[in-house]
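You will see chain A twice below: alongside chain B first, and alongside chain C after that.
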Partner chain A sequence: MTIHNLYIFSRNGLLLYYSEWNRLNKSGITKEEEAKLMYGMLFSIKSFVSKISPLDPKEGFLYYKTSKYTLHYFETPSGLKFVLNTDNATQNARELLQQLYREVYLEYVVKNPLCQLNEPIQSELFKLKVDELFKKSPLFLSRSL
Partner chain B sequence: MVIYGVYIVSKSGGLIFNHDHNIPKVENEKTFNYPLDIKLNYENKKVVVSFGQKDGINVGHMLTAVNGSPVIGNELEDGRDVLEILNQQENFPITLKFSRAKMTTNEKIFLASMFYPLFAIASQLSPEPRCSGIEILEADTFRLYCYQTLTGIKFMIVAEPSQLGMEILTKKVYELYADYALKNPFYSLEMPIRCELFETNLQSLLETIEKCGISSI
Partner chain C sequence: MKQVVDTKTNSGSTGEADECLFEYLHAEIVNYVLSLSLNTKEGKEDLSRLEWMGFSVGYKIIERLTREWSRFKDELDMIKFICTDFWCSLYHKQIDNLRTNHHGVYVLQDNAFRLLDKVGTSNSKQYLPESPRLLAFTCGLLRGSLANLGIVSTVTAETSTLPSCKFHVQVQRV
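After this line comes the complex of A and B, so read on.
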């Protein structure tokens, strides 16, 4: 099981944080462009899901799977979006994203008066804690080792 | 165990076939007093609930009837404006019927062509090289399975998340397509599929799977 990369978007679509661990394929475009493409895709998936759903959706979109990776999506009611790419064997990455929101984002960004909300996160402590959380998670098994 | 629908999208992204199998009907009727405790708005030629969900009437539901007479757009059959009626106290108590908005054929075509770039972007944003597009997309109310053939046609199935073996079903539908649509001399490629045999066979395939499970085929 591997974790590839993580994106955090604000409610307006601004990339707040990006981090990668095991990424083999570079998309060939800059990080900013890639973030815009990713946000655009998520936005479209959200509206696609709400229209095609036969019943009233509550949480809406949860994840999608391709032949090589799975994209897990978690959105808070305030519109903050967490996106995590893992391999296909990973099961409960959603819980990990909730934990990331609860134990890292709230503690080290929201409770840090020097961190501006809705601006890219600069805090070194946050970076450290995100890395720590993912590295100690059972889902993280580096293949490059 | 429910299969909600089957969609076939051509190589160029157009919807060439769609079959609604078992779409649940969400309908609620309720008598209201003045003033109305839900907020209604007129958008996209529908009167929809924009705030205040209760008793099974949810945000996004569409007003279908007032006191039993159907609503067309924002008007009743006799041409009176619905939102005006709801603003006048003398019309209350009033019985309103709401239902979840059904997709029109145009909306389905629109959604099919919207899925096409999503499929492509998903493979472009892949952290691993040589990746396919979306194969399974899950939301809390349904799961969408997509199978792309070597020739670029996409077979999509929308089913309940708990329904098993849908990957096999997508391939089975491909088989039916190859047998009954492609071998039909009156069918031209990339055009909507109007083949009776294909439809009846698909219908019976879906019914057997719902009754006896995927292992029966």
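After this line comes the complex of A and C, so read on.
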């Protein structure tokens, strides 16, 4: 099981945070462009899922899977979006994202008076804690593919 | 029909809301004061207003916190009260280290000060320049509480590594 990379988007689609661990294939475009593409796709999937769903789409879009990787999507009621790419064997990534929101984002961004909300996150303590959380998670194995 | 509501789990100091309410309010007060003083002084931040707010709060809160207590023996006794009970009720922990030269200088050290706890770690210098504005209120708080106990003092704060900080209390002899 491997974790590839993580995006955090604000309600308005601004990339607040990006981090990667085992990413072998680079997109070949700048981080900003990639973030825009990513957000655009997520936005489309979200509206697609809610329109096409034959039943009440309670939680809406949760994840998608290709032959190589899985993209996990977690959105808070306030519109904050956490996106995590892992390999296909990974389960419980949703729990990990919720934990990231609850134990790292809330603690070290919202409760840090020197951190502006809805702006890219600069806090080094936050970066440290994200890394810590992911590296101690059982989903994280830095075994190369 | 009897309705059983378990209020125990939500009340008390472990509740999420009352924990962060003070922190958020404090952060906003700091921002507000800074926005006021922005035009009056260039270069240096004017934190005296923040300190004065802390003073009034400290002056009042000490009445409430000492009401169960008998009179204090001496100055050191009062400082000890500040380090233990006072700090516990406000910041949920005790002062980690108290030093004095027995001539009116006290150094109170908190190794994980609550208002700096979420801001930075020891291995990064980030946010160190901004930390005084998060301490000014507490300096005033200390000065105000001591004032109401009959000690006139000046209180300054010092940080070298986050999230630990030292409060220097200099008692003014008259």
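Everything below uses one rule, namely that the second predicted complex is superposed on the first by the 143 of 145 C-alpha atoms of A that agree within 3 Å, B and C clash if a C-alpha of one lies under 4 Å from a C-alpha of the other, contacts with A are read in each partner's own complex, and residues count from 1 in each chain.
Definition applied: a contact is a pair of C-beta atoms (placed from the backbone, for glycine too) under 8 Å apart; a residue touches a chain by one contact, two chains touch by 3 or more.
What you see is a predicted model, and the numbers here were worked out from it, not measured in a lab.
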Worksheet item: Superposed on chain A, are chain B and chain C clashing or fitting side by side?
Response: fit
Worksheet item: Who does A:E107 touch here: chain B (first), chain C (second), both, or neither?
Response: second
Discussion item. Quick check on the superposed pair: does A:L125 touch chain B, chain C, both, or neither? Answer first, second, both or neither.
Written reply: second
Item to complete: Quick one: classify A:N22 as touching chain B (first), chain C (second), both or neither.
Response: first
Fill in: Following superposition on chain A: angle at chain A, chain B versus chain C, Cα, nearest 10°
130
Item to complete: Name the contact category of A:F48: first (chain B only), second (chain C only), both, or neither.
Response: first
Item to complete: Using the superposition described at the top, determine whether chain B or chain C touches more residues of chain A.
Response: B
Worksheet entry | Least C-alpha distance (whole Å) that remains between chain C and chain B when both complexes are overlaid | 25
Worksheet item: Which residues of chain B touch chain A in their complex?
Response: 4-5, 23-24, 26, 58, 60-61, 100, 103, 107, 111, 114-115, 117-118, 121-142, 144, 158
Fill in: Residues of chain A touching chain B in the complex
4-5, 20, 22-25, 27, 34, 37-38, 40-41, 44-45, 48-69, 71, 85, 87
Worksheet item: Of all residues in chain C, which touch chain A in the complex?
Response: 20, 23-24, 26-27, 30-31, 115, 118-121, 124, 126-127, 130, 134
Worksheet item: Can you name the residues of chain A that touch chain C in the complex?
Response: 107-108, 111-114, 122-125, 128
